[in-house]
Structure formats: C-alpha cells, structure tokens
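Labels for the chains are A, B, C and D, by order of writing; each one numbers its residues from 1.
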C-alpha cells in the first residue's frame, strides 16, 4: 500500500495556503470566538443576569455581518489573493469551501435573519426563567453551520455543515423543558432529521463510489443507468428537501413550528431554509454546468416542477383551516418553499437570481410575521388566531405592519413578496422558449398552479386581517418596547421599500452568477 | 411634472393624516379635503391642456428629444458606434420586431451599452406609434433598469376624462363623508390612497407600473368595505378581493409573457403597440383572453359580475360612489388601452367579436331584468350599472368610430349618473336607515329639492335625451348599426335589436323604482319629519347633476377631448386590418 | 341668421327660459310665478300669429302659397372621419306646416296656461305645475321646429317625460303615479320602434336631415334593399323602416296596440288632459306622419302617386280600426273625461285614415280644427268638474240653467266634432271621408277591393258613433232632471279666467274652417290665376298651404362641412325633389269628383242618425227602458272592460316581464354567484354532514367551489397524524412517487 | 479466471451488505414503537453509509478520502445519539413514556 506520504517540504506550502485561506475566513472564526465566550460567560454569570448575554450574541452577529461585507469589499477591490494549491482562490481549504459572491450574498441573508431572531429571543416572554447562555451558544453554532453550508462545494462539507446546523436546532426546539408541546416537537424533529440525513449520506456514499470524488463540480451521473442516477440524486435531494421543507420531506414542519418557541420557529423558517436553498442552487448550478447532464436536463426540470407544484398546493390547502397562528405560518412556509422551488426547477441563471431575491425578501416578511405573532402571543397568551382580534384598534402600528407583511406574503404589488413572485414566474416563463414542447405545457401549468395558489393563499392570510380589523373585541394592547418597535419598523419598511426600490437587490443577486 | 403631482398629491395628504393624532377628527377631514381639492385643481390644469390651442409637447416629440439627449450624453466613440446601428433599424409603426445582427450585438456588448441601446430602441419605437401623437405631458424616468421597467406616465383624451372623473368624484366623496365618525383617520387616509392609486392606473403607460397601481387600488377598497360597511361587509370584502385578485393574477401572467415574447423585451405599452403585430395570432389570442378575463371581472361582464351587488350593498355610500363611478371604468379603460392595441389581430378574431357582442347584450338585458327583481335600493342601482356597462361591450364589438367613442363616453357618463344615484340612495339611507324599496313611499312631497335632483339622476341613467346618458347610448347604437351593417358581421344585427330593447327595460325598472320610492302615499309616519338635503349632501350632488345636464345639451365639450385619441385607436386597427 | 329663424328660435327658447327660472325660484315670485310661463307662451303665440299672417299674406308663387322654407343648422355631435363619419347637427326648419303647427301649439298652450291659473288655484305644487307646462311647450315647439329626424326623436322623448311629470303631478295619488309610469313606458315602446326606424334610415341615407332622407328616397337608394325577417318572409327595407317609424306615432297618438295609456292619463289635472290629449302631444304623431309623408309613400311620392304604398295602407287600416274601437268604447264610459279621451283616440284614428288614404293635408286640417274644439270640450268638462267636484256623469244632469256659458260653448264644440254642417269639424272630416271613398273607388277594380274600402267604412261608422256619444254627454250632463240634488245646488258658473278660453275656443271651432275659406279662397283664386299656379286651388285655405308639393319642393339644400366650418350647401338644382305629374294624379282627381257628393250626403245622414238615436236613448221614450241591463248587456260589459285589452296586456306582457325578472333574480343569486365562497363558515360546518348534496345544489356553484376547496383543505390536513413514523413512511412513499414520475418521463 | 462468489470477496459483497443494513435500518425505524429502538435504526443507516464509503475508498480508484468521511460519519452519529438520548430522557420525564406513536398530541 504505497500511498504517497507527504514529506515536510510538500506539507509546508499547504500550511501556507491554509493560513492565507484563513484570512478569508474571519466571519466564521469570529463566530467561533463568540460561541466560546458565551459558553465561558455562562459559567460565571448568575441565572438572573443570563438574559443580557443577548448583547454579546447580537454584537457577535453584527460584527460577523460587517466582516462579511468587508470581505466582499476587499475581494472586489484588489486585495492580495491566496495562491498555490491545486484549487484557485475562491476555493478555500482544498476546495471544501468557496468564498464567491454567491456565498457572501447568502451569508449576508443568513446573518441578517439571525440578527432578527436574536432580537426576538430577547423579547420572548417564556425565556425569562431560562439561562440564555446555552440558547445563544446553540443558536450561533447553528448559524456557523449555515455559513459553512452556504459556501460548501464538497458534499462532505455540506453533510457536516447540515449536521452542525441541525443538531443544535433539535435542542433549540425543545428548549422549554417543561412545555410538553416543545418536547414532543423536538423528539419528532430529531428522529425525522436523523433519518433524512441518514438517507442523504447513504446516497452520497453511492455518488462517491461512482464518481470517485465528493466535489460538487465532479458529480456527473449522465452516463449511468437512469434508474440508478435518479434514485441516488433523489436520496441526496431527500436530505436537502428536509432542510428546505419541500414535498417529500415536509411533514415535520407543522408540528415542529407549532411546538418550538417562536424565535426558534422563525430561525428554522427563515435562515435554515435560506441555507438549504443556497446549497441546492449551488448543486443545480453544478449539474447544469457539468456537460454530463445538460442533454438530459428536461426530466430533472419536470421532476423539480412536480415537486414545486405539490409543495405549493399542499402548503396552501392545508393552511386553509388552521386555528393556530404558528401552524398556519408553518404551512405558509411550506407553500413559499414551493414558490422558491419554481425558481430552482428551471435550471437557469434567471431562476437563480429570482430565487436569491425571493429568499432575501422572504426573510424580511416572514421574520416580520413571526415577530408580530410572538408579540401578540406574549400579550394575550393565546396562540390561536383569536389572539389577533381587535389588534387594529388597540395596536395600529403593529396591525399595520402585520398587514404589510401579509400582503407581501400574498404577493400584492407594492411589497417585496410581489416582486419576488413576479421574478419567479418571469423566470419560468422566460425558460419556455428554450424548453422542448411537452415540457413547455407543464411549465405553463406550473405557472397557472402558482397563480391559483396565490388566490387560495389570500384566503387564509386574509383571515388574520379579518381578525385584526373586522372583529370588534377587547384586545389587551401590546406593551410598548423600543426594540420591538424598531425591529418591526425596519422589517416593515424593508418589505415595503424593497417592493418599490428593488433594483439594487436584483443587481446584487445577478452578480452572484 | 403635472401628472406625477396629480398622482402623488392625495398620497402625500394621506401620509400627513397618518401623523395627525386620531382624536383631531376635524383637522383630518380638512387636510384630506385640501389634498383632494388640490389634486382636482391639478387635474383641471391637465384637462385644460386639451382645450387650449397649444396643448404642449406631444409624446413623439418628447421621445425624439430624449433620444437625442441620451445619445449626446454618451462618449464620442460610443455615439458613432450606436448612431449607424440606430439608423439602420426600421422604427415605423408596425415595426414587428427590432433585432440586432451578431456583429452589432458584439459591438454593443463590447462597449457595455446594452442597457442604453435597449432604452433607445424603446423610445424610438414609442415615438413611431400614431397614438403617441395624441399623448401629452409625458414623464419617463428609469425605475428598474434590470427589467427595463420605467416610471412612464402620460395622458391622452381617453385617460383625461377618467382622471377628471376620479378626481372630481374623489373630492365630492370626501365632502360627502364629512360625517364618518368611526376611525375617521383610517377612513380618510385609505380613501386618499385609493384616489391616488386610481389616478395612477389611468395615467401609467408602463405595464408593470399599471399593474402595481391596479393592485394598490385593491387594498384600500378591501378595508373600506370591510371596516365601514354594512352587516355582511366581511363576506362582501373578501369576495371583492378574491374576484379581482383572480383577474389580476391572470393579467400578471399575460404581462410577463408579453415581456418575454417581445423582441426588444419591454414593458412600455406604447412600444408594445408597435411590436404587437409581430406576435403570432394564437399568442395574441391567449394574451387577449387573459387580459379580457382580467378586465371583464372589473367591468363586470356577465359571468363574473356577482361580486358587484354584494360589494355595493355592503360598502358605505362614498365608497360605493367611487366603486361605481371609477372602479368599474378601470376594466373598460383596460380594454381600450391594452386589449385592442396590444392584441390587434386577436381583437378582430370572429370568436372574440361574437363574444363581446353576446356578453354585451346579456349584460344589458340580464342586468335590467335582475334590477327589476331587486328588493334593496342599492343592489338595484348596482345591477343597473351592470346593464349600462353592457353598452360599452356592444360598442367595442362593433368597432366603428362612433361606437368606440360612444363606449368611451358611456364610461364617463355612467360614472357621473351612477355616482349621483348612489349619493341619492345614501341620502335616503342616512334618514331611513334601511334600503328596502317597498317600504319607502311619498318621499317626493317630503323632500322636493332632493326629488328634483333625483329626477335628473334617474332620468340621466334612463337615457333621456337632454341628459348625458342619451348621447353615449345613441352614439353606441348608431355606431353599432354602422358596424353591423358591414359584410362580415351582418348576422349580429339581431343582437343590436335585442340590445335596443334595453332602453325599454331600463325605463321600466327605473320608473317602477321612482314610483315606489318617490311617489304615492307616505307609508309610515316616521318619514313625515324627513328634512330635505343639507349643505353637505347638496354640495356633493349638485355639481354632478349640472355636469349631467351640460354634457347632455352640449356634448361637443367632451367629444372634442375624446375624439382624437379614440379615433387613432380605430385607425391603428384599420391600418393593421388591411 | 334669417329673420324667420330668429323669430322661431325666440318662440322655441322662451318657454325653456321660463321653465328654468320657474323651477328654481318660481315660488318666490308673486302669484307663485304663474305669470312667467304664461307670458312666455303668450309672446310665442303673438310671434307665431305674426308668422302665420306673413304666410297667409305672401303672394302665391308658382311654387305654391306660403312661406319660402328656411333652414339653419349648428354642429352637435361629430365622431370619426371618412367612411365611418357620424355627424349629427341641430337645426331649425320653418315652412308652412311648421308655422301652422306653431300656431296650434302656442295658442292651445296659452289658453291652457290661462285656464289653469283658475283651475289649479290653491293647488299645493302650483309653481311646479307651470314650470312643467313651460317645459312641455318648449319640447312640443322643438319637435315641430327641428330639421333633423334625430332631434324630432329627442324632443319626442322630452314630450314623453313632460307628460310623465304632468300626469304624475298629483304625486301623492298612487293611481296617478301608476298612470304616469304606464304612459311613459308605452310611449317608450313606441319610441323604440321609432329609434330603430331612424337607425335604418341613417344606415341607408347617411344622415338624419329631412332633405337627405327625402333625397335618398327620391334617388332610389332604397330600391333594391330588402330585409328577410323569417326564412320565407322578406320585406322591402323602406316598408319595414316606415312601419317601424309609424310605431312612434302609434305610441304618441295612442293608436290601436299602444292606446292603453291615454284613458289612464286622465289621472292628471284637466288642463293637462286638455293640453296633452286634445291639441298638442297627440298631434305630434300626426305631424310626424305629415312631415315624413314622402318617406312613408316611398318613391311613388315623386310621381304624385300617394295611393299605392303598403305603409300608408296599414296606417289607414290601423287608424280606421282605432277610430271605430275607441268610438264604441266611448259610448259605454260614464266618466266625462274618459269619454273625451276616447273621442280623441277616435278622432286621431280619423286623421291617420286621412294620411293613409293620401290626403295628409286634410288630415292636418282636421288636426288643426280638432285641436280647438277638443280643447274647448275638455276645458268645458273641466269647468263642470270644477263646479260639481266629480267626474261621473251620473252625478250631473240639468246643468243647462246653472252654467249657461259652459253649456253653449260645449254645445258648439259638440256639434263641430259630431260633424254638423257649416262647422269646422264637418269640413275637415268630410274632406277625409271623400278622399277615403275616392281611395276606395281608385282601387275599385283591384282583387282585394274590400280592403281598400275598409278605411271609408270605418270612417263612416266612427262618425256615426262620434255623433252618438258626444250628444249623449250633452243629454246626460246638461239636459234632463238633475240626478244629484246636493251637487246641483252647489253648481255655479266658473269665473272669467276659465270662461274666456271656452268662448275663444268655441269661436275658433266655428271659424277655423268654415267662414274663413270663403274670404281667403276668393283672394287665393285670383292670385293663383295671376301667378298661373299649376296646383289646383281648393276652396279650403289650409290645403293650399299644406300640400305635398309645398312640403318637398322648395326645401333648402341643408348644410355641409367646408374646412371644418358649417356652410349652407350651394343650392345646386335638386330636380329629383320635384313632383312630376303622372297618370295616377289625374285618375284620382276623377275619382275624387265622383266621390264628392255621396260622402257629403252620407256624412250628413250619419251625423243626424247619431244625434237622433242618442236623443232617443237618453232623453226620449227609450230613456226609462235601461237598455244597458237588457238586450245590450253583453255588448255593454265588453265595452266597459275596454275590449279586455288592458286585461290582456296585464296578463301577457307585464306578467311576462315580472316573471322574467324573478327568474333572473333567483338565477343570479343562486346559480351564477359562483365566487369562491371560502368565507362561509356555515358551509364549513354543514358541509361536514355527509349527504348534504342538495345544500350544494341550492348554494350555487360559487359557494360549492368554495366549500369544495375548504373540504379539500380539511381532508388534506388529516395526513398530519402527529406520529413521526407515519411522516417518515409518507416521505419515503413520496420519494418513490417522484422517482416513478421521473422514470415515466425520460 | 473464474471468479468464485464465495471465495473472492469483492466490492459487490460489501455493497450488498450495506444495502441490507440500510433496509434493515429503515424497517426498524418504521416498525418499532420505542424511541430508543428508532435511534438504533438510525445508527444502522449511518453505519451502512460508513461501510459504503470504506468499501469504495478501498476498491475504487478514489484517494483515501473515503475513510476520512467514514470517520466523520461515526463522529456525527455519536453526536446525534447523545442529543437524541438527552431529548428522550426529557420526554420520558415529562410523559413517562417513550412510545413514539403515543406522543402525538399535535396533529392536523
């Protein structure tokens, strides 16, 4: 077994390259430091003070976000780039991780979402009697996992990143130890998640076996038997689908979203979905670029289109009769995953920019919706829709911003939701010209299904509007708090503003191609 | 600058109102009145341009200068790269498509001038279109370059009448709703938002901008009906919302398909008109159908009309005045601005001509019969609106100068007469707090001055000569007869005769209502002490009544405004027809 | 601006100004502003009399006596250009016929204004009544003066609305409201036909001007155009348009199928009945037939042959049948105003016979004379009603001594209408009957000669019945012993304001045809010889001025667009508007002279028979034997129920419309209301109950789609069982499903 | 040269064994009611994947990275097991039963 053993000389350039690569890894490193600090501080701080660990966590995330922005700025303005090693610059650490514009865009989205989630966690009433140290540690480690997942170009790295994201979130879901719903949710979540990642890694093993390497760019299953390549890719997709909650693996979503504390639900709904879609987009891009598959793309397009259609329809129809607000927003999250899948399924650059744009927009509006749902739940201790009754009169600001969020979720023009959905439909319609005949019909059908789902979705979103504005009932009113008002204002202004001046975001998303 | 002012003035007033604390009700009302009247004042200026000798720069000059300006702002070598290519292309009216050869593509891409080229082509195409010669006060700013979306706003005869109508009715409704006490701040800000969205719909010429304003109209209406409405208001509000949303999502798909299938991909409606003949017939067919359904729901055409009676019965009076007066015209306006110019060969397709004619006749006759069967005063007026909108469809099916102009005039006239009728119903509702027609009686004696105006309102909608309803009806009939006596569609003449029976049916249900409400014995004592209309109601009703009479006696006033822009649509179609 | 045009526009717009001022601030003037409209119409009357005098005074040229027609036009609606041009112009056209009609309208309207000052004194909405009268006069004058068929239609409808307002004046009376509605809707049905006629004419002639319409008939634009209604039957377009256009006059002048509104219109105050149902509104129909006579006759008109047009034949038959039917009904009525109403319908039938058989001149002459004595009758009846406060003849009786002035004026007018010789009614009715008999002789040899004889037969019988029921009124109201003592004491002669019009009208009833022709004809004959007038000069002044030739020949050429401005068309020689002599004219002249004597004798005999019979039944020996209960019971019952026509309409047309509206209302509410009714909580709860299929049926397709969607939503949520293992199983199943789909396609 | 299935253990044998283990894992997860049994099933899945990686890295032309992945999988399996057991303990303390199909209060 004469596998080459590396001599020190050969080893030295690798270390140099490794150290150079670390220059581009600051946000993640900073997070690791913050996580460590959080763990340590938890030991010293008394239970009552653990709440203000919030500031440390928030500081860390904001710093990470700034670092990402700084890296992006540096990269485009002639910073010294690490050389040597078989993988050119954007690939760091032997091609495991990449630091291209796509990764930076997604990192910004993930980190921005996390800032919102952290703000929510600070205000969540039920966290008052829990030590928050572990909470923030788990949260930030999960975020670290997402940052890696977003920039992973190696299937192994993706698997590790997914596990690093999932495992802390299992615990986060069950953080309220004395809440039966929470525990039940986390039990289901861990079992379901473990099975999904098990299936995925099994699929990956087959891909590794057949192609010899786990690098995404080398995945080419074109010349294999159709059944085998279809099954293997589907098993891998099963793992990703669990993360982004589309059709085959979306059954866990309602129970976990309802059971988990609201900040964690928001975290799962927004950031982990964004990371999942980011990797799926990268995978789809790799499949499209590697010449092995382009000839046989249409069946994949059709398969993803079917998945998109099924996800949308199931999400919207199941949401029709929901009483619990979080469960309703869970199904709406599934539905939105369906809309996002529409962008992915066309395998085109236009599709990718549309999906990224919608991810950013979705983060804003969904975070806002969950935030206000949490505030209302805190004020009225009633998780159901009836909690919203009479909000219009008692808290007009929050009711107004909730309406903006809901209109954006439905896809009514002046909001970012509409612009996102407009681009998704545009990407599907623009791909009509380059697609064979039989597929053109099914894509038109997909667009019609999406359009009809918008109308169906109007019904259950409008039920919240009905509760807020048309029901005459005594609403206790919401305790004024600076953080709440500021965050909700930022989110609402973002949703509305992006609805009108969204050209810069499109350019940003286009830049990631 | 005038048009943007007209659109955003009410919006600014709405924002100002948001900052006034809710308890200063009077201040809120005054601010909203100022906002609405300012907007009306600006609209008067805009309409004035159409009557003055030198109406100002038309759109084709505007675009020619803009093309020169953008070209001169480029660097020299870019200019002499672009000018020859620009000169080579053909931008005359039915310029089916403008494509670049491989070499030109590379050259432009090399100089990173793609976006500028796209803008130049769009402007050249737009200035070639005959309709551009009739458009005034053009404003053209870049909004979203990556999707070639521009803030493109202009006005011509067709839109100025509807803009004037919405500004006038907006102001009058604000005066009329002076006594709204429930959440006045919310009511007035939503109402002003509604007015500015309506102005936007009628003035915008970029499909995306039009669609944004089209949907923005939906939001305030949902809340206005839902919060301040009658007993079944929630049902009516959601029904209205869902109906219109179905229509507008179909429009969204059509809009995007148009964007991707037009060769220099554009949302600019005017340049789409120039590219429209290039689309294949069945593509135009599907686009026409999608747009038709979207607009038909708003007009309301027969199968999609069931939201209108519910929305009207439940909406508060000022809202249902705006709903009947202006919102129904958005659909009609859409046909003239989008359906015909952008899908020309599909609009001559016998299937659609038959469909328009038949649906128009059904609207007239079925609407009249349903109106007869109504117990509620407001739903009777709602069904009469459905019946009157049938004339517009008939006019469009005939597609002659007179019938098209009659249809456009019918939109304006029906706006006035139905707004007046709803105000009348509102006045009676405020006193009697119910709208069951059979329980009224003998109001004529109690409130003579009110009954006088009511007579003008009801007889205007009856189509009595000397009032505005008659002018548009007679033009539609004359035009349709001319249209249907020509070879291809002579067998539609029977439809015209059935439609003509409409004038008798309208007379029946209106006179029957007048008899039951205004004439006869006073049924219950409570009505004895009804006071006649007070200042607030009078101010909001009398201008409309005067307009009805003036336009009835002297229609030249508005026909000179409408004629150039409606005739140009028909000429464009005829030019393509050959 | 020509002087006659200026004068006529003043006559036209004065009442309109009076209406506008009166309606707004009338009640603040003294005597509630009744003097304003009256003076406006008075000035109008004076100006019309001035025009009338100029007409009579003009020297008869070879074109014919009377004014030289003048026209002035202004632009109203322009749409489109080139082939699709629609150009409607408002215009005033004045010729002999217009001047005569101006006089009739303004005179009667003025007298009614004066009369209603007295009659309506103390009424609640007094000023508003005078405002409506002003508007009515304006629209009537507009109708007569306009040069454009469409504007005739516009003023036609305005007159309809004024009659609606006036009939419904007693706003608190339910019956008045119903009558007003009935009048307007029946008129509207007539107008529908008129409108379709106009549409067809515009389609063929290209414009609505009278000159262009007649030109199109003359130059043969209508010749080969036919319209095939059902598979077999195809009718010439001109006849079809003519019949449709005649529907307008049928509605307005209450001819047979559309006459049901006139008796109910008696709900309005009596001056209104007099104004509307004696002189003016009903005359509009006859005026239109007169004005459009060349159109109704067709191309034959320009060869002088007015006797072969199917349209005119049907006009004559309808007119005849209306005359006889209305006359018979009048016999059985007890309400004095109802009798007069039916007598008007019958007299209008007469005029239609006149037009139908070809002498529209005598028809208009009869209109002219009828206006006066019928107005006098109505106003007389009004003063009787005003005196004894009841319209039923059974309350009256023996009022002769109490109300001498009313009695004598009433008697004169009754003789005039009954056709007693040497009174105006006799001459005009006799003229029509002679022409009807001549028409019968002219078509004597054709196979269906009986059909052509019908107008004359109807005419004679109607004349008989007219005499009978008119004198019945005289006997029942003025003679015999008073049936109601209380009312008899109370009766008194009406004061001057009401009596003066009666006297004037009765004087005109005598003079308007009888003596006048004697004076004028003499002069007319001499002038004619001097000017070698080609047309036969008849002894009646009226006929010289209103002849077919005068109607058409010197019609001005109208206006045209020259460089965006309206200029009068250069009067190039319009030879096609001349009436060439032809064989038919000579033949008819022969029949006419042949028919002259027999009709004279027949009409005198018939009139006296009618008078004698009515004396016999109501004052003479048969007075006691109440015939009504006895042998004539069945006929009486039929007549009282107005031949059950009203009942028939109620059962068919009205019931059908009501039923149709009920069906549409239900259909709309349940079946078509198919919006996605997701909001219906009720549907969610009840839809759970299996087997509720009927509920969906009733609930309408909308609510069903709504309910189905909700049901779907409910059922699909059930797969979230809450157990993790089910989730994993389902997921794996879905993975396999997607794989299967993927395999299926590739 | 004859290739005797029984004697020459090749790549296919490992793959068949891993497929068998994988399907057993799935069967256990779906069949057992006890949460801990399900955990065992999950472990089986991960081990099957591990086996595959090692087999491919040995027989396949790939570099030794297969075994590196196997090590990672083992580590992650351990982490997952730890967290799962922690949650199961809490669940037991709350519901004092860990029959997965009974802990299902949150449904439709």
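Points to keep in mind about this one:
Just so it is clear, a residue touches a chain if its C-beta (ideal position, glycine included) is under 8 Å from a C-beta of that chain, and two chains touch if they have at least 3 such contacts.
In this text, all values refer to a predicted model and were calculated from it rather than measured experimentally.
Chain-level centrality, scored on Cα centres against the all-protein Cα centre, points to B. Distance from subunit D peaks, on a Cα-centroid basis, for C.
Put simply, the C-alpha centre of subunit A and that of subunit D have 27 angstrom between them. Chain centres here are Cα averages; for subunit A and subunit C they lie 80 Å apart. In whole angstrom, the spacing between the mean C-alpha positions of subunit B and subunit D is 66.
Remark: subunit C and subunit D have CA centroids separated by 99 Å (rounded to whole angstrom).
Multi-chain contact residues of subunit B (touching two or more other chains) are listed as 234, 238, 242.
In subunit D, the residues touching two or more other chains are 29, 38, 100, 104-108. The multi-chain contact residues of subunit A, meaning those touching 2 or more other chains, are 187-188, 191, 195, 254-255, 318, 455, 459. Inter-chain contacts occur between A-B, A-C, A-D, B-C, C-D. The part of subunit C that touches subunit A in the complex is made up of residues 676, 678-679, 684, 709-710, 712-714, 716-717, 719-720, 722, 724, 726-728, 730-731, 734-735, 738-739, 741-743, 745-746.
If you check the complex, the residues on subunit A that touch subunit D are 3, 156, 159-160, 163, 167, 170-171, 174, 177-178, 180-181, 183-188, 190-191, 194-195, 198-199, 201-202, 204-206, 208-209, 212-214, 254-255, 258-259, 318. Residues of subunit C touching subunit B in their complex: 23, 75-81, 84-86, 125, 128, 150, 153-155, 157-158, 161, 164, 168, 171-174, 176-178, 180-181, 184-185, 188-189, 191-192, 195-196, 199-200, 202-203, 657-658, 660-666, 668, 672-680, 702.
Note for the complex: subunit A touches subunit B at residues 392-393, 396, 407, 412-414, 418, 422, 425-426, 429-430, 432-433, 447-448, 451-452, 454-455, 458-459, 462, 465-466, 469-470, 502-503, 506-507, 510. Within the complex formed with subunit C, the residues of subunit B that make contact are 234-235, 238-239, 242-243, 303, 305-307, 309, 366, 369-374, 400-402, 405-406, 442, 444-445, 448, 452, 459, 464-466, 470-471, 474-475, 477-479, 481-482, 485, 497, 500-501, 503-505, 507-509, 511-512, 514-515, 518-522, 555-556, 559, 563, 567, 570.
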